[in-house]
Amino acid sequence: MSSFAMEWYLIALLMFIGFYCMLVSRSIVRQLVGLEIVSKAAMLALISAGYWSNNLVFAQALLITMIVIEVVVVAAGLALLVKNFRLHGSADIWKLDSLKG
Amino acid sequence: MNDPRLVLFALTALFSIWAVMARSLLTSAIMLALVSVTVSLIFFDYGAPWAGVFELSVCAGLITVLFIGAVSLIRSEEEKHPESRARFYALPLAAAIFAIAGWFYLPPFFAEMAGWARPGTGGGTIGLALWDMRRQDLLGQVLMLAAGVFVIKSVFPRRTEK
Amino acid sequence: MDKALLAFLIIPLFAAVLIPFAARYRPRMADILANVTLLAGLANLAWLALSPSMIASEFANLPGDGLSLLLVGAIYLVGLCVTFFSAWFLDENLPNRPAYYSLLLVSVAAMTGVVTSTDFFTLYVFVEVLAVTSFALITTDESFAGVEGALKYFFLTFPASALIIVGLAILMLTLGSLSYENLRIFMSSDIPAGPVTFGAALIMLGFIIKSGVVPFHAWTPDAYQGAYAPVSAHLAGIVTKISGVYALIKMATLLRFFDGRAQALSEMLMFLGLLSIAVGAIAALRQKDFKRMLAFSSISQVGYIVLAAGLGTPLALIGAVFHLFNHATFKTVLFLNSASVERSAGTTDMDKLGGLEHSMPWTSWTSVVALLSTAGVPPLSGFWSKLLIILALWESGLRTYAVLALLFSIVTLAYFMVMQRKVFFGKKTAAAESSPEVSAPLLAPAIVMCGLIVALGLLFPYFYTYLKVVAERIII
Amino acid sequence: MNLLLIPIVLPLVSALALLLMREKTRYLKEVLASAAALVSLLAAANIFLLPQQELVYSWLGAGMNFTLRADNLSAFLLLAVSLFSAAISIYSFSLPAKGSSKWFFFNLLMTQSFAAGAALADNMVAMLFFWEGLLVFLYTFIALSQDTAAAKRTAMKAFLINGVTDLCLLVGITITGYIAGTMSMNEISHNKLTLDYGWSVFAYVLLLIGAVSKAGAFPFHTWIPDAAKDSSAPFMAYVPAAIDKLLGIYFLARASVYLFQLNGTMSLILMSLGAVTILVAVMMAFVQKDYKRLLSYHAVSQTGYMILGIGTLNPVGIAGGLFHMINHATYKSCLFMTAGAVERQAGTGDLSKLGGLFRAMPLTGLCFLIAAAAISGIAPLNGFFSKELVYKGALDTGYPIFFWAAELGSFLTLASFLKLGHSVYFGSRPEELKDTKEAPFSMLLPMTALAAICVAFGFGARLPIENFIGPCMVALNIQTPMLSGFHADKLYFVSVIVILAAVINHMLGLAAGGGKPSKSSDHIHYAPVLKEAYALAERRAFDLYEQSMDRVVPVFSLLLFKVDRFFDWVIDTVPSRATGFLSGASSRFHNGSYPLYMALTLAGAVIYILLAAGNGGLK
């Protein structure tokens, strides 16, 4: 079993954990935690691919951009969380079901 | 399993399970910071120090601060209505099922994929790579940061009248 | 990146940064700056694409591949319509007025970035910027629905980003590069594809989620319905098309669907396209809310584009690009009209509306033009694009697909007729009694777009020449 | 702009401009319409004088060309169309009884534009386009000319009759184009079609139906007398009297001579059709008691001469038919104008209430006399010469029966005009008409102009035959024989006998009718066998349209209704249940629940990934 395959296996596991979290948790904060875990897994996949294909510098360059994006995305998510909390008084995403039909 | 990197990977998985299962949101946020730390260690181990430094400072630092801020804002309300824990206790079980089921399929799949790898030339420095090859991404970053500022301004406007 | 179009990215960004400073004391400055920026850009584009010498030479010297030019045109057009509409629609004391315009301009810049990018990672970066701006734009007002729509949009499209990154990682591993050009060269060589198509499939899945194709569509109606009124026009008209559908068309050309190297992927994409057409159309039949119905219709129309992109023959791609452009025109008109109705009658619930044609004739008739174009009634522009798509399907021997696409086109007409009857025709209801026609500036974008719909339909041969050049260049 | 487009585009644009005007403006609409018609007339004259012109637009990419082609025949026709438009637009200047003047002139100019297009079009599809356009404006013209239900009904009648026959024309043109492999009439004429096989006979018969029904021949004529009652005099003078005759006979000539090589049988059919039309219509005309209605039956009857002339298929007959076409348009237009003038001045068109108007309206009366003499074929007016040509052509075919039918028609024509003229302009003037005055100048001008043309084409028959009819024959690729300067003594005497017979008949009728000129036809009207026939005709027993409307249509529509209900159920109830079920399911599914949506998204993604991994080159 090559090291690469093992790493990606664990990355898949990490991704599973993150998506599981997004699937089952009601709290928007925990949704964001799940989201963070998934994106960590994606970053690991990227850097691992860079490492094993001898493109590490390139991968790092991409990763830095990704981290900037992640920060802004998480900040936007938290901003939405706070706005939702202000309007609805809760941070429960399962309660948001007024739009239907 | 003697590869230290794999230990770090396993540690990351462990911390993330913990982050998901933690009863308190604050613990979740701290565990998430630990996940980031282990991920940055993995980066260092790969020989990607720039990514590691960024990860450590931005993800483990800035994002954790943001998280803790948001959590402390809503914590009082959250603790009044704790969510049902049963689904979270099922996580280790689900992860184990995934891990065992995946063990038979995923590593061979990834191993075959590794066989298709086309090694690049490597070389160059991070600065050159960013500036010469990824110049548009820098533009994208600027745009992203601008967007972030405007998002915050839009969601939390300065109220002049009320 | 297409250097010729770089200015169309930088200038709105610059204007977006300028707006908070310029509008500190005079809030109207924000409107003026945003409108002027987009109008100037549009004028410049019109000159680029439609100068007499360009038409005389049958578009032979277009800069770039022509597709990005066309789409930048569409982006600026819809953006201008939305900002112009907003300038009169926005509440005078909306606290985040400057930020709203800044975000619109940033999203225009990001969309320009999307259509001019030459590499998957750059595409991803700009798509993320676009998504972030959209979240904030949806919740511009303080409505409950807005924040609900934004949160669902945020979380339900997030898996797309992760999948795209994993796809990029696989591409990097097996292709060694992320640029379109390398993928194209790789796909046209005889090297066995291996996991490259798998990586591409993951990226494609990401964009399928972002374009709201069934079964990944759940966020679409919520986001469109909850969004602040003019923003839903912006979202439905252009944002989701650029952030998702455009990339699908691009990948269809890069993966060379027409020569069968990624046959499985092509078939899956076509199946999903048809599924969206069907689900969107059927769901739209029974909607009670005007905007939600339009959202489902949007899913259905995106289905046509995805179906054509999945087929990938030159004719189908011409149809897809044209339908993308048409969708921008008619969906913008319909959503802006829904905003006008909301402003005038105070609700978008179709059960409470009725008989608005007497008090709002312009809104009513522009809706009719747009819906006929959506349903593909000749000689409006929507007819031609659907015709091209169905023809392409028929020519490729996919008779079932062609017939079903045609059938659901009739369902499209049916649900729009239901909508038109419930909202504009029929008996006047209490809500309609006190709803005057909105002011001329609010009507102007819809009327201009309707003019465009009719003009494109009538001048289709010229436009077809342009599209043929585009198709030749993007397929090679 | 190309000269050829002016007669089409200018009236069209002016008509649209008219619609923008307010109904209240005085004379502005009239001036605009007259000016447009006059400018078009000048353009048409210019086109006629220039050598043959052609204007080609490629249409629908390659394969089909939108061609306007002014060969001599088309140019001549265009000139005639423009002439009558100009005359009618001036005539209608101060005529109140034409309905809304905005819509009247709109219809007039539209009709002119489309008629000009139909005359110039070389491509049959383009011609059909203009032809069908005329149909639309025929309907609106009648429907808007009076604000009565009868006008609407007549309009619908005209529309349906012409619609059905235009449909025949459409099918005929399609088949012809298919057989010939081209839609261009010019190209077909280089390689004429023959009637050797079924499809081409079928095609020709359909074209024939389209053409003769436009011209208003038996049995497609029945809307014309109704329109005479329910619409205005200028409409009658313009459309059934002039434009329809011109176009119908034009296309009949094109089809019979230019596109197809006919055989003897078809020639006999055509001539019989012509003879029957002459006799049936003139018999009906003879007993009419209304000015316009009488004229309208003559408009039908005269068509018979043209069809007869073209049906002879010999150059003399064809020339006669074409010459009669233009002559008929001239005098019949003039006659309808006099009818309109009398109606305007005296307030009625009923013959029994009119009388002795010659003194009050001398100029109108003079015009009537000239035109009536012309239609009756009295030498040396234009009608005489064209009829002579038709007679000569009919005799040359070797079937003298057609000649005699035509002469009988001529006799009855003259007789009915003696009756008409006597009862309107001579005899004693009724008390109510004491204050009747001459018609206004704007009505007299076109009337006298047309009467002058009648005289000029009569005395100088050489001129029109050499300048107009001769070139037309060239355009139809016919060797022109010596047409003018021909005086057949025998024929001349026969027509003198006919005139005398008609006068004697009129005397007899007067004596039988107790000296009342309006009853001078009663001795024939109530003659033993004819009495029943006329009674049936009055009940419209011979009117195909009315009969089918009464008998066939109700049954058929009931049947269709039942079929329709069935299909309605199949395509309405069944799918609406199905879609109702599906959309209900969809709306229950979209319940706003986030975890459901997330599960859907993730499940979809997993399935997609598994499929992609399974088919994506790996494994």
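Brief remarks on what is shown
Note that the chains take the letters A, B, C and D in the order they are written out, and that residue 1 is the start of every chain.
Note that in this section a contact is a pair of C-beta atoms (placed from the backbone, for glycine too) under 8 Å apart; a residue touches a chain by one contact, two chains touch by 3 or more.
Being a predicted model, the structure only gives us computed values, none of them experimental.
Common neighbours of chain B and chain D (chains touching each): A, C.
Relative to the centroid of all protein Cα atoms, the closest per-chain Cα centroid is that of C. With each centre defined as the average position of its C-alpha atoms, the distance from chain A to chain D rounds to 79 Å.
Put simply, the C-alpha centre of chain A and that of chain C have 27 angstrom between them.
Taking each chain's centre as the average of its CA atoms, chain A and chain B sit 6 Å apart. For this pair, chain B with chain C, the centres built from the Cα atoms lie 31 Å apart.
Shown for chain D are the residues that touch two or more other chains, namely 587, 590, 592, 594, 598, 602, 613, 618. Those residues of chain C in touch with two or more other chains are numbered 121, 125, 128-129, 132, 135-136, 139, 152, 155, 159, 170, 173-174, 176, 194-196, 198, 221-222, 286-287.
Multi-chain contact residues of chain A (touching two or more other chains): 18-19, 22, 24, 43, 48, 50, 52-53, 55, 58-59, 62, 65, 69, 72, 76, 79-81, 83, 93, 96, 98-99, 101.
Residue ranges of chain A in contact with chain C, taken from their complex: 15, 18-19, 22, 28, 31, 35, 38-39, 41-43, 45-46, 48-50, 52-53, 55, 58-59, 62, 65-66, 69, 72-73, 76-77, 79-81, 83-84, 87-88, 93, 96, 98-99, 101.
Residues 3, 5-6, 9-10, 12-13, 16-17, 19-20, 25, 28-29, 32, 35-36, 39, 42-43, 46-48, 50-51, 54-55, 58-59, 62-63, 66-67, 69-71, 73-74, 77-78, 81, 83, 87-88, 90-91, 94-95, 98-99, 102-103, 106-111, 113-114, 117-126, 129-130, 133-134, 137-138, 140-141, 144-145, 147-148, 151-152, 155-156 of chain B are the ones touching chain A in the complex. Within the complex formed with chain B, the residues of chain A that make contact are 1-14, 16-18, 20-21, 24-27, 29-30, 32-34, 36-37, 40, 43-44, 47-48, 50-65, 67-72, 74-76, 78-83, 85, 89-92.
Residues of chain D that touch chain C in their complex: 579-580, 582-584, 586-587, 590, 592, 594, 596-598, 600-605, 608-609, 611-613, 615-618.
Touching chain C in their complex are the following residues of chain B: 112-114, 116-120, 134, 136-137, 139-144, 146-148, 150-151, 153-155, 157-161.
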